[in-house]
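The structures considered in this document are given below.
In the two assemblies presented below, subunit A is common to both, partnered first by subunit B and then by subunit C.
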Partner chain A sequence: MKIIGLIIALTTGGFLVYAAVDFPDWADPQSPASTHVSPHYIEKTMEETSVPNIVTAVLADYRTFDTMFETTVIFSAAVACFFILRTFLREEERRERLYRHVLTGVTVRVKEGGKIPPSDDFERIDDSWIPHDLIIKTICRLLVPFIQIFALYVVAHGHHSPGGGFQGGVIFGASIIVLAMSHDLRTVLQRIGEKVVGVLCAMGVLLYAGTGALCLLLGLNFLDYSALAPVLGVGPVMARSHGILIVEIGVAIAVTTAMVWIYNNVSSRGKYDEGL
Partner chain B sequence: MLWQLDLAILTLVVIAAVGALMVKDLLGAAILFGAYSFMMCLLWTIMGAVDVAFTEASVGAGVSTVFFVAAVFRTTRRTKD
Partner chain C sequence: MTDFLELVVAKYNYWIYITLMMIGLYAIIAKNNLVKKILGMNIFQTAIILFYVSTGVKEGATIPILEHAHGPAHGAETHAIHAADYMNPLPHVLMLTAIVVGVATLGVALALALRVYRHYNTLEEDEILAQIRKK
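On to the complex of A and B.
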């Protein structure tokens, strides 16, 4: 089986290399890709959409239908992860839970039905609990707000610099995952619950598709943002720029929550009890 | 861009890719895959595709490595084959 796989991989690679010879030279101005629509984008993007970053304009305006379904793909991935991994069944042989006395560091093992002494100083800890590390916890807690600010900047500044909904959303999701890894899963679930994550993930896609449907209702093509001009109170060119920002926010919400959703399911084996 | 630097990064990409396939320890494979993504990110930057490089750095080298580590942590660390 391994040899067959190797033969298939080598043959495919050989064909790829063989086909790559026919490619136009790198940055060749006469290549088909550079002569067909690229000149239009490079010359007209600024006057048609007033977005300096051509990549963002192409991604979220000229080719916005593709991007909408890319967002849908990420949403479907998160939903698939949820359906495969999430288990609502309660286990029969209930394991003991571990509690740690914060002041003394003593760990208490509580069997099923048992109770801990009535005190606020006990905190629940995971089975695979790694000893309390003050440095990691503090540094991560300090870093999270800065990561989130940077993520918002990446989303909002996608018109002018590299970035946009996907990257900003992933960075924002990473900040929440950092919190889950440095503390535990329950800390994150207290702040952003499972239902909120699921609903927000769908809302992000809905915001994108809803913007398109609004354009349709206002009398232009699906996702033609210049239809939003009367609603936003700006000219049609500025409306395209604002429309890009609206859908990028939708993408960012969907991607952020998709990342958190997948991480929660994978790291807790779908039980949402004990994380990584 | 210097062609020597280009070649060095390309070599590292191939080494990381082959290493991620060959190594028996799945955690090591996840880390090597992260290194592969990071080297690809550098290559995109060299080729001038900054947006793609940004996506590769955040998705490929960042979050997907975390997903791999979480999955390895919740299953087994050794491969069967």
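On to the complex of A and C.
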């Protein structure tokens, strides 16, 4: 199998190198990719949408159908992860659990069906628990709010600087995953539960598609944001700019929660009791 | 000789992506472990992303964000927007979404691998095949 794989890879690579001779030269301004539709985007974006960041304008306005269905793909991937992995355990099916008495550091093993008196002195710990490193825990706790503010900045400032819903959403999701890795999965689930994650993920896609449907109801094409002008109280060009912001927020919500949802399912093998 | 050097300078970026892509393809075909196959798939994907982004590069152009778009800065004169001054935004847009979708599909691939591991207790392809044949 290794020899066959090597032969296939080398042959395909040889054909591709041979074909690459006909490709446009490196950094050629006259290449086909840069001469057809892209000059229109670069020269007309400002007067048509009032967004200086051409990438954002093309992403959420000119090619907005593409982006809507990319968001749907991310949502479907998260849902697929959920359906493949999630197993719901009933309370009595749970194996024995470990608790740690916070004040003394004594570990208590609770057998099947056993219960621990409800008090704040005991914290649930993972089977393969090692004491959390104080430095990692503290630094992550300090950093998470700043990462989240930066994520919101990236989403909100996507019109004027590199950024937008996808990037900001991934940064926000990463901040929650950092929390899950430095503390444990239960800490995250207390703050943002499984149902909240699922509903928000669908809400993000719905916000995107709903904006499109609203444009349709207001008499223009699906996702033609200039139809929102009377609702937002601005001109049609500014309405396109604001419409882009609305759908970017939807993308950010969907991406954030999809990342968290996938991480929660994969890291706990669908049981949601113990993370990494 | 000069012709060949010019060819190398003009096309070497494609050769790098083709090398990366073939490393990924080889890993998908020849590796026995499912996680290594998934990693090969990701290397393949990275090669395609790099290829797309490189098609957007223009000589002497800057990033596709318009400068002084909302009126000129203090003292500067208003200038027209020329397509040659800005890189092609289209590949950036396409790859922006492709990267995030790639992460999401990687999650699905890992979830499937986890499910396979739960069922067969191994991620090695030959051992899984042996277990299937035994039944």
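Worth a mention:
By our rule, the second predicted complex is superposed on the first by the 265 of 276 C-alpha atoms of A that agree within 3 Å, B and C clash if a C-alpha of one lies under 4 Å from a C-alpha of the other, contacts with A are read in each partner's own complex, and residues count from 1 in each chain.
Operating definition for what follows: a residue touches a chain if its C-beta (ideal position, glycine included) is under 8 Å from a C-beta of that chain, and two chains touch if they have at least 3 such contacts.
Quick caveat: nothing in here was measured; it's all calculated off a predicted structure.
Shared-chain residue A:E96: touches no atom of subunit B or subunit C. When the two complexes are overlaid on their common chain A, residue A:F166 makes contact with subunit B and with subunit C alike.
Touch criterion not met for A:E123: it reaches neither subunit B nor subunit C. Within the superposed three-chain model, A:M259 lies in touch with subunit B and with subunit C [touch as defined at top].
When the two complexes are superposed, the chain touching more residues of subunit A, out of subunit B and subunit C, is C.
When the two complexes are overlaid on their common chain A, residue A:I177 makes contact with subunit B while staying clear of subunit C. By the touch criterion defined above, A:F23 reaches subunit C but does not reach subunit B. In the superposition on chain A, contact of A:D133 is made with neither subunit B nor subunit C. Residue contacts after overlaying the shared chain place A:R269 against subunit B and subunit C alike.
Of the two partner chains placed by the overlay, only subunit C lies in contact with A:A33; subunit B stays clear of it. Overlap of the subunit B and subunit C interfaces on subunit A comprises residues 2, 26, 53, 55, 59, 162, 164, 166-167, 170, 259, 262-263, 266, 269.
Against subunit C, in their complex, subunit A makes its touches with residues 1-2, 4-6, 8-10, 12-13, 16-17, 20-21, 23-29, 31, 33-34, 37-39, 41-43, 45-46, 52-55, 58-59, 63, 66-67, 70, 73-74, 77-78, 80-81, 84-85, 160-162, 164, 166-167, 169-170, 255, 258-259, 262-263, 265-266, 269-270. On subunit A, the positions that touch subunit B within their shared complex are 2, 26, 53, 55-56, 59, 154, 162-164, 166-167, 170-171, 173-174, 177, 181, 259, 262-263, 266-267, 269, 276. By the touch criterion stated above, subunit B contacts subunit A in their complex at residues 47, 50-51, 53-55, 58-59, 62-63, 66-67, 69-71, 73-74, 81. Against subunit A, the residues of subunit C that register as touching in their complex are 7, 9-15, 18-19, 21-23, 25-26, 29-30, 54-61, 63-66, 69-70, 81-84, 86, 88-94, 96-97, 99-101, 103-105, 107-108, 110-112, 114-115, 118.
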